[in-house]
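When the chains are written out, they are named A, B, C, D, E and F in that same order, and each has its own residue count from 1.
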Amino acid sequence: MSKLTEYKDMSPRARAVVAGIAAARGIDPADINNVWKALARHPAVMEQFAAEMKEAFAPGKLDPLTKELVYLAVSIANQCDYCIASHGTMARRKGMTDEMHEEFTRVVLAAIKGNKIAMAYRVPVDKAFEEA
Amino acid sequence: MSKLTEYKDMSPRARAVVAGIAAARGIDPADINNVWKALARHPAVMEQFAAEMKEAFAPGKLDPLTKELVYLAVSIANQCDYCIASHGTMARRKGMTDEMHEEFTRVVLAAIKGNKIAMAYRVPVDKAFEEA
Amino acid sequence: MSKLTEYKDMSPRARAVVAGIAAARGIDPADINNVWKALARHPAVMEQFAAEMKEAFAPGKLDPLTKELVYLAVSIANQCDYCIASHGTMARRKGMTDEMHEEFTRVVLAAIKGNKIAMAYRVPVDKAFEEA
Amino acid sequence: MSKLTEYKDMSPRARAVVAGIAAARGIDPADINNVWKALARHPAVMEQFAAEMKEAFAPGKLDPLTKELVYLAVSIANQCDYCIASHGTMARRKGMTDEMHEEFTRVVLAAIKGNKIAMAYRVPVDKAFEEA
Amino acid sequence: MSKLTEYKDMSPRARAVVAGIAAARGIDPADINNVWKALARHPAVMEQFAAEMKEAFAPGKLDPLTKELVYLAVSIANQCDYCIASHGTMARRKGMTDEMHEEFTRVVLAAIKGNKIAMAYRVPVDKAFEEA
Amino acid sequence: MSKLTEYKDMSPRARAVVAGIAAARGIDPADINNVWKALARHPAVMEQFAAEMKEAFAPGKLDPLTKELVYLAVSIANQCDYCIASHGTMARRKGMTDEMHEEFTRVVLAAIKGNKIAMAYRVPVDKAFEEA
């Protein structure tokens, strides 16, 4: 398990990152989730990841729930337990019903099967797909 | 590279699967894509995968493009070149613009970074996320 | 693509490894497969891998085809195209029929689905399985 | 950790799946293992996985222990702790001795090394293996 | 294969990124490598990756060759052929001899074996390692 | 969790391996870490892994800390929690400061992003990198 640094014990640089995230989410900085408490000792990594997350989830052409589902799909494929737990929660907060969750899971499992079939059968890419 | 079986040379069982897919897509069975030509020699695997794909993409609570993006996200995380090429094409056909593609890619890359950070720093799951 | 060294151009140390493998297989050392031609410039890695392969496939309690299927299953899970091509060929030479190949593939795909389900649903290990 | 639903609290659809598995194994449905308790809230995923497992392990050309070893090999390659624990137990129940377990592990480890060597040295597939 | 955009055909935003990289490396922007030609249509992803690479390889406490070896090790573990080819070349340009390459490969292969052994045997973390 | 065998309960063959490692590290064999206690029931796997680790970390052209960082990089990419915990500790013992740890992490994260970008954009290898 990681060494977690509580908000009150963080360096000014780490505090600034957490304060920014907490303000955007409307929560108390002391209630920030563990990934930020773990990153606090490496402020450069922390700042970069916070910036990347903020830009990835900035309002755009894809709606917030779609983005959460994409994030969750990657986390399942990569088998990150922390990320499945945290972004599964986020997805529900952004409107994922249990029915949507099941539909989503079926697509994820079909994709994983398709990925392995393409490798196992050594399938060459169709010409029609090469104009990507 | 895989041995590909053309539609005209497939067994009746494999032909039936391809005919069903081609009808649903409104294409000539002879133009079916390579993954099905590769699977033709293993009809039980083929039937099961065709059924699973059909159910995963059946109309439901998530729209068709969201499902394609979830499929594509898994394929990138799993590094399946065939699937990235084919489902990237599918996603564009279902309305993914270049702007949406870039937004999608940013979420995928942020997720991959988040996944590795959670592992590298050995972050314990927050209690708030355990009620999943 | 890798720099491949032909048998006649290999160092004495690399030649010795290849000669041993060729003798065991009853083939001409010049016909050794590419992985050994690629490894020839790193003889310590080559010797260690040759020894490990020899021991893994030495006669024992598991029959030769079972071992090939285990090797092939790992190679599909790891998405190694070279290994799928080479050990797929080996498995057929050791008796894998097309019917067995399809059965094998179904188990591999079921396993991959089971793996992802266990992660996606964050399933805790049953007490009965902890006495492993 | 996942929300687990006990058999007595499952929906009729989930109960039917569990009852079928329990009957086939000759166990009490209340003793079903955790993966099914976790899947109970998503009956469509559950039914599909149960069907896929049943077909994969149906009597055929490969014996039951070989199939368990293939499943276990995939689970190790994919690093699924739950699956290693459960299918390791299954393999022992189906006859895997400690000696066979060690032999199996040696093949798995040799395969993983072979996979990475083929990638690290960027080895091109031999012509002889392309006729797969 | 990706659509590659040559420097002369890039948008001003993409050109600026490439010009910066080319200047730092002392090469003609027209000779930039393919990853940047592929990224040119997604300038936000491009800018972020260029910044992240620049910071990761900025002078610091670890020497440039060590950083290249770390990058190459990750690329082998992740099985990225493009990255193995490009960063293998970079490592040689930064001083990696064939002897060092072999030593490096042995550590990578030992690590991969250690990783899988720890998973396969379900090894619990020692108390002495938990104070990380 | 694995069945761990304490040094005093190991077979003579397993004891010999542990005694060798303990002597080289200047520790009491009873304090050997868990991976060896887990491997004790499979002495052939144990002997081979001990030999491979010894050779990989034998004095050579790369310094001990660089080797630890390569090992740790692979372990993060492969998401092996045990290995991240143990080799993170080893790296600190061999001189990795927190500043070096952060630099190292930035390279690892940049590599992972580079790996996925190369796959997602299906980037072809540059001719200049093919002479590897």
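Some observations on this one:
Rule of thumb we're sticking to: contacts are C-beta pairs under 8 Å (C-beta built on N, C-alpha and C of every residue); 3 or more make two chains touch, one makes a residue touch a chain.
This one's a predicted model, so the numbers in the text were calculated from it and none came from an experiment.
Of all chains, the one whose CA centroid is most distant from that of chain F is B.
Mostly differing positions are employed by chain B and chain E in their mutual contact, as under half of the interface residue numbers are shared between these two copies. Centres computed as Cα averages put chain D at a distance of 35 Å from chain E. A straight line joining the Cα centres of chain A and chain E is 22 Å long. Mean C-alpha positions place chain D and chain F at a centre distance of 28 Å.
Multi-chain contact residues of chain A (touching two or more other chains) are listed as 1-2, 44-45, 48, 52, 55, 76-81, 85, 105-106, 108-109, 112-113, 116-117, 119, 122, 130-132.
With chains as nodes and touching pairs as edges, the resulting graph is complete, every pair of chains being joined.
Taken together, the chain E residues at the contact with chain B in this complex read 41-42, 44-45, 48, 78-80, 132.
Residues of chain F that touch chain E in their complex: 1-2, 4, 33-35, 38-39, 45, 49, 52-53, 55-57, 60-62, 66-67, 69-71, 73-78, 80-83, 85-89, 97, 99-100, 103-104, 106-115, 117-119, 121-126, 128-132.
Note for the complex: chain C touches chain A at residues 76-77, 79, 81, 84-85, 105, 108-109, 112-113, 116-117, 119-120, 122. The touching residues of chain D, when paired with chain B in their complex, are 1-3, 44, 48, 52, 55, 130, 132. Those residues of chain B lying in contact with chain E across their complex are 79, 98, 101-102, 105-106, 109, 122.
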